[in-house]
């Protein structure tokens, strides 16, 4: 039976559900001209949620609703960053949406519902909660991708996303049912003990494979990455920036919950599988990105390679590795919002600013934007002393610790290959002549400019003093801060 | 005497064959409406298998939700969209060998993993509802509304998102549509619609001009 | 395929007492067997009626008679056409509310035993759906011209 | 072995025929009764030529329909065209398997009886859609789409009404539902009283669900000639006809079982005399009461048809979605409160 304490544990989630419902009704009942209010209200709602997550339950782990929901440090950190990323997304998205007649209340409500899904997913204590949280997240994402109904590209992306996403969910569910069949429990905590001495180890292994396929789809690692480039390119950029940030944190959270909290006993099996996926993602992501001319597509392939790096942390299968992977996920989410944020800041009505050629000579038109993009690109490439460099270092270290030196070497080699295409964008901005007829004007929205500057500079600041964040990540996995 | 267990086993395999056959028909039939109906048959025989497992609530809920609702939507869509049969066919033939290989590999793996010895076992395990001494529906409800309370509420959230997404993605306001608002109609008073005008009676004999038509009945917009 | 599983606490719900007064019918099959038979008999009845009609009735096809019914002129194209998207929307809404009803059925059976909690949780469930419903209503998806 | 076949196969089939054959006869008589009643309401005679009082009219109609040609339109899909009437008929008949006619007078005392009924009624829409599509005729398709949308809309309202009954009864079993309505106050203990709005909604939804007047836009003779079965003739049409009327009678029986105490007597608890088995049923209850109640509902179908003008399509959809569904949802919670706080007395069997 649930009691008041259960509700306290889930307070941020309950609050966000209530707020999302109110926003939904507000949107339905108010005039279209008043939508600006909705924008600021949504941001306020998210910030209050951040406060509730941070303020409640300072002392470690709590479970609620018969272990369906686990609130621990890992979940809290992921939630805070997911909420903050969404705030950034909302700020960046508004001018873009307004220019394209997409400034509708559904964008905000669906995004908040997706965030609720993320929060449930990273806090899941049961396979059922994992699945439902994931469905809440992905269902909202499908709708967001298709938000621009008049664009065939967007609709095609949504269909692809939906079909492949449904397939992935099916795989995951199939795997879960096998794991349930082999162990007789759905609870992740009980699974942890039961998996080691299951009566049907083969079935369990089979379930694990299916679950890894599902996780791979959701993370977007090769060879389950097919949806990523199309969705990143086809979706309105305002939606791409969302899909590229907060859900990655959720995907890490899901992988952690399923693989470590649930099937940690089978680590020696999934370590190798993840290593294979990591190598494939690094190779495909970095090599295919080289030939891209569309920046959104390039960033999509860059995502694939980054998820490969994230797997390097998970491969470690120890607290150090998880801390590194979580650190990586957070760094990637911030870098990705910054990179897409620049695209959003430069896009105008009728001009998407998503080709690399569109960035030619950006430095002459808007040096500040060019500098912000430079920070984002260098950070994604892992150039010291930016945030991305340190994150990469950590996951490579984690792979070495797991006695997979070869994997770390592969990672380092591809990091160098990856440098090429990130630097190409920088070169285009600083050394090429502007294209004729391309207006590169920056959005006048003040909040966007400030937040974007803050976001990009944060990459530099965190690159210089990564200590506190790494300390939180390590503490979340029970490690003393280094 | 037919052993009840044997009878159950026979039923299981019979429904299983129908399910698999219908599922094959779904992907091989040319006419997409026929394919949808084959899918209906698949669900129906699956429901029968679930009944054999004494999961009566789930079995009938499968029919209510999938056959009664989801498949109706499928029929709506399939019937009203002109899907070019040949193109679909072409892709099917092209990918058929790959599909067969994958299916065979999976079948072999499943058999190897789950074990051939499972074939001799009675397909249905013990009924936990009967063990708990209550009907299947009550057992399911008890589990759902106590232990799985949180997932249940998340399910409501997902359904709500489904509603929002469906409306946001499909509904278009057409400019030329007219509909009446019942609340406005009810709120109208006779006074707003009809104006009774008092006027002098016409005298047709005196004038040859057309008598004027005063608006004695005037509809407001 | 199900198989014997190790007994673990998660398998069974916490409440295991039998409902008061409700007779537990363990053999579900015995009750559904006549239902299946009835479906068979009804199918047979329909087939017999169709067969009678085909065998007894005359069969004199001619093009005019076999043409689809139209108001006076020849049918000039395939009658199957695209429909207003609203029909699809309606079907989607129907699925969602049908699911909701499917959730309500087991609740109705057990809520008294679970007590106030069940009432509150269902009120929340319905509230969420009513919010969705209000949204649909306000957006005009339920308007037909 | 032989005994087993007798018990498992022969007897059930005999029981099934005991339901199905009277049902077909009832449909025939109901058609006759409909024409008679509407005749009287229009101050006409109704059928009066064939047989005494025209009683054999319905049978003449049946014979006529069976010996007419079954036309297969040239552009129709043969398989689906013949499948559609079957899909309309089977659920309309199969649903009767769980109807309790009296104490222990039930073919299948299934636990999930109400759910099964919902499943069967939800299958009826297939016959309509497929008939419309297989005919490949504009009128048929229009009628089918209208009808399908209408049927599924009212199915929601019906389902929610069923839930209200279940909340009070606490069981999905129809016999248990009747028992839950038993009590010392006769008809005041039945569910129609605490669930009055739902009861009204249920019956009106039943009328709409069977596509009957005043909700018969699917047929709408004056606009789309006959709707989804415009192309059907002979015995194929007869099957649709049979299914529609069997459904009407089914809705009448269900309304009686769910809201008017099934076979219970309205005077139960008022009189406790023991006169003779031939008279006792008047106060102890028996299947005759169920038939009387169902007859009243069936009569209402005809009364509606003779009295009300046809609803417009937008009005039908508005009534279903904007009036019935909200009220029914609200009443689910009201019924929950009634049960929880003990505002109604629930019988636990006679």
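Worth pointing out:
Lettered A, B, C and D in written order, each chain numbered from 1.
The criterion applied here is as follows: a residue touches a chain if its C-beta (ideal position, glycine included) is under 8 Å from a C-beta of that chain, and two chains touch if they have at least 3 such contacts.
Here the structure is a predicted model, which means the values were calculated and not measured.
By the document's definition of touch, common neighbours of subunit A and subunit B comprise C. Judged by contacting C-beta pairs, the busier of the interfaces C-D and B-D is C-D. Taking the mean of all protein Cα atoms as the centre, the chain whose own Cα mean lies nearest is B. Farthest from subunit A in terms of Cα centroid separation is D. Rounded to whole angstrom units, the spacing between the C-alpha centres of subunit C and subunit D is 16. In this assembly, the C-alpha centroid of subunit B lies 22 Å from the C-alpha centroid of subunit D. Each chain gets a centre from the mean of its Cα atoms; for subunit A and subunit D, those two points are 54 Å apart. Separation between the centroids of subunit B and subunit C, computed from CA atoms only, is 7 Å. Annotation for subunit B: residues 56-57, 61, 64, 68-69, 72, 76, 79, 114, 135-137, 146-147, 149, 155, 157, 160, 162, 164, 179 touch two or more other chains.
Across the assembly, subunit A contributes 1-2, 17, 21, 24, 200 as residues in contact with two or more other chains.
Multi-chain contact residues of subunit C (touching two or more other chains) are listed as 2-3, 5, 11, 19, 22, 25, 28, 32, 80-81, 83, 87, 91, 94, 98, 101, 105, 109, 111, 117, 128-129, 131, 133, 135, 139, 143-145. Contact topology of the protein chains: irregular, matching none of line, ring, star or complete.
Across the assembly, chains come into contact as A-B, A-C, B-C, B-D, C-D. Per the touch definition, subunit D reaches subunit C in the complex via residues 8-9, 12-13, 15-17, 19-20, 65-76, 82, 85-86, 89-90, 92-94, 96-98, 107-111, 114-116, 118, 122, 133, 135-141, 145, 149, 152-153, 155-156, 159-160, 162-163, 166-167, 170-172, 176, 225, 230-231, 234-236, 238-239, 242, 313-314, 317-318, 321-322, 325-326, 329, 332-333, 336-337, 339-340, 348-349.
Those residues of subunit A that touch subunit C in the complex are listed here as 1-2, 17, 21, 24-25, 28-29, 181, 183-187, 190, 194, 199-200.
Of all residues in subunit B, only 8, 48, 51-54, 56-57, 61, 64-65, 68-70, 72-73, 76-77, 79-82, 114, 118, 121, 123-125, 127-128, 130-147, 149, 152-153, 155-157, 159-160, 162-164, 166-167, 170-173, 177-179 touch subunit C in the complex they form. Those residues of subunit C that touch subunit D in the shared complex are 19, 21-22, 25, 28, 31-35, 37-39, 41-43, 45-47, 49-50, 52-54, 56-61, 63, 65-70, 75, 78-81, 83, 87, 90-91, 94, 97-98, 101, 104-105, 108-109, 111-112, 115-116, 119, 122-123, 126, 129-130, 133, 137, 142-145. For subunit C in complex with subunit B, the touching residues are 1-5, 11-19, 22, 24-26, 28-29, 32, 36, 80-83, 85-89, 91-96, 98-103, 105-107, 109-111, 113-114, 117-118, 121, 124-125, 128-129, 131-133, 135-136, 139-141, 143-145.
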